[in-house]
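Chain IDs A, B, C and D follow the sequence of writing; residue 1 opens each chain.
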């Protein structure tokens, strides 16, 4: 039998006794702490914690754990918290356009069992990737978006996301801007990959801008989508060195490899429940 | 008044209840936890922790803290532990030969107040750096070492180290091998910088070997000195890319910058009490 | 019509007048130089060059270019040289075992047109990847190798490689050691990915060794296969930082992403004819 | 006797025959090419070249070389060019404020002979670094700048720069903005280090902005100063990973090490005559 654990993510105003209160609660339910990471942002006076404990000898039912925690600990510290169980498999949907590299990379990781998730749904504004989705046995919906039909297509997308019981969405180089309404349905639930080291070069054609500016480094940024374009909480960034020898095409080529890896790492953290967000910044317990 | 804190480093066999025991002990002495990092090495079944707490409202005298912790917590868990106080300034000695880059870099950091330490003593087998030591007002002892006088010179070095009340030693490209006796006097107290990404290219002339092997990456490694040459616990490593264009001299030049930074980071961790060692591996709470 | 160019790779003993001789030869055939990279290894007294020129107004037939170059330039300088044309599509074979990550990554790049190559042949000692090969329409041969049948299976492999007219072979985490005979058939024609920053941790289970040694950096190395195990000319290396938090499994996970990228870059250089080898070291004109 | 070489930097509109013309010119003067790097920016249709040749058997006087080159080669290709000789030691001036890290690092490299330059002059708007300048035997001028006296102090600075025969100026964290007039006196002759990965976070307090934005990477950028703030041609950039654990102070600390190295590399390229600038972008022949 696989080891089953609970994962608790917490943040609250910083004050004395929080660690003790949480660890006492876990101990009182016969949980053995496997990982405990805490972080205090002194500038903002805020406390963050990720704690994972073994449920093997738990003296309390999973479904009562949250309620008990709220009552005995969270309420007293004004905590925001999430509780997850290691045996849950998050359900991820992919939104794609025509660029295949992140899409292929995600499907390869999924197929080879790198991630403990389900990927039941792919939505695209193009048909290009349909055949690839098919051979992985994933439902693919072609919903072309234009100026006129954005609202109804988004309604259809939301319907599908609900129907497929989706936990979080990955924009694998999906070249469309989502509406505020859509975004607000999935707070910290939409992950985008942007092809620059944000906040440099937001918006379109960042490699062209990077070339023009003559930078010696290009990058990629995965972030949660918020209603402000390319300004959501950053999950992961990485960079590669370039030189005067690199054309825009070379940058695009080198950037593809960055984008794949940076997006995959963000998905990993999402799946592992490593991420807390506060004030548009992420705390990532790695 | 500056905030004063206690730093406790602990490792012991992993079992339930350790975090709770430690945090309860701190709470019972009116300490507020500032940082708590823990790590479990499941393969080896060992628990590691660094916890730092505010002493502002401490209900117990500094000098009794260790004894109380031993009695009420450590004994029961078979803990190895160290207790430090943030207002202590560790005393560092430098051993140097003729290569100046790490030496200059360390003195610049010291002089500009980057590190909360004292550097009262420099020992060298050459006279080259004497003038630099003088202008920083640091005592400099020229103890040339050769095959015949190693033993007596080491005795003299040890005498000086004791006389100057040295906490830890940094070999800033000191090109001599220390005796087993000497090394055993300073467990986890001698930091060396080796000019390769160990375990590749141990021993002398690693840049020449790197060139011959045609590697595309060179590196530097800071580690604790143990009696096995270049095989002690690694504290920090970093690398730089090289190409066929780089001659041995280019590698040496690029390597110097690596060595400076990698050694400085190790010293930083040593000063901040971030490092635990077990089974020849370091746990670094950053 | 696509621009067609000639790519000439040259090395020879260094002496005066080489660049002039080569550029004069190209000019005399109405070629316009697009790229010219040269490198002199002064330690070894050897000259290396990669030059690419536009054939649009070439006054000489492709098939005579090499002969003319040999006669008018190469002979006089004792040159070793290769001549390629940009419209040739090299033919690559894949040897795989059970680990899918490099294999998937290569096929995704191939399918999406990232590389100007043909991949007509996959050989494996296992059946695991057969289905994936099928869906990409690539012939897959299952040739299980053991102590007893190595020789005859290698004979069969060589037969297939010849039959499919293969230019170079990629070992995409192929876990078998090739015989000296096999290797000698493909000088600078077999690319391997090793899962460490060689020369550290050659041989099997490098991530386990890296964990035991407590390194702070892991790496991957792509290199040409020679008869000495993991000691061939290095094409590309990259690294990732790890910490005490990383288990062997974490290292394997992080290493996979390194391996994919480092192998892909080596293949890119191979396809682009960027690589010269001399004295077990590569010169890579990037 | 040390080997003496000529270094020629050239750029011009791209067309056929440039490499041949330059190499023929060198050969006709009995020069042996040591390094030849060329680059074509096809987007802009511009050709760049750095060529270095041995003067040991030169059949022409140094002082006539430029004139001859202009007449026989440059004029015909509409070339912009510079000619340098390896035995010239460029004269560098330092402008500093109060932050010591880049300043110390530069002086250490200078004192230990890492760079073939002269540093005869330091100018500062503060007195903090005077003692350090003194012990290195470098003239130090304290010219405090404020709103009212900027113009006259700049006049004094320019006078000193001329008097000391300065070739290029390094702003080693000099916190003042220079006037357009001042900048125009030293085109590609003023190197600044900015403490972010430009174009992200131009202007003041970039580490504070980086913290607020929650980036996972910080950087440093060395660039030529132009009249547009922080927008000059980028020479070198590097980055370091940060996490939620890093406070603004941690970023400043980690950034210092980046700034030192990135500035030192830019100075290295400047000294080695590796840099060409065109359209606000650098071509760096490394």
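In the analysis below, contacts are C-beta pairs under 8 Å (C-beta built on N, C-alpha and C of every residue); 3 or more make two chains touch, one makes a residue touch a chain.
These numbers come from a predicted model, not from an experiment.
**Student:** If I average the CA coordinates per chain, which chain comes out farthest from subunit C?
**Tutor:** Checked the centroid distances; the maximum from subunit C is B.
**Student:** When the contacting C-beta pairs are counted for A-D and for C-D, which pair yields the higher total?
**Tutor:** Contact tally favours A-D.
**Student:** What is the distance, in whole Å, between the centres of subunit C and subunit D, each centre taken as the mean of its C-alpha atoms?
**Tutor:** About 37 Å, centre to centre.
**Student:** Please tell me the distance, in whole Å, between the geometric centres of subunit A and subunit D computed from their C-alpha atoms.
**Tutor:** About 42 Å, centre to centre.
**Student:** Of all the residues in subunit C, which ones touch at least 2 other chains?
**Tutor:** Within subunit C, the residues that touch at least two other chains are 245, 286.
**Student:** Please output the residues of subunit C touching subunit B within their complex, sorted ascending.
**Tutor:** Against subunit B, subunit C makes touches at 39, 41-43, 48, 197-201, 212-217, 219, 233-239, 243-245, 247-248, 280-284, 286.
**Student:** Looking at the complex, which residues from subunit B come into contact with subunit A?
**Tutor:** Answer in residue numbers: 16-17, 19-20, 23-24, 27, 32-38, 40, 241.
**Student:** Please name which positions on subunit D make contact with subunit B in the complex.
**Tutor:** These residues of subunit D touch subunit B: 100-101, 104-105, 108, 111-112, 114, 135, 245, 253, 256-257, 261, 264, 286.
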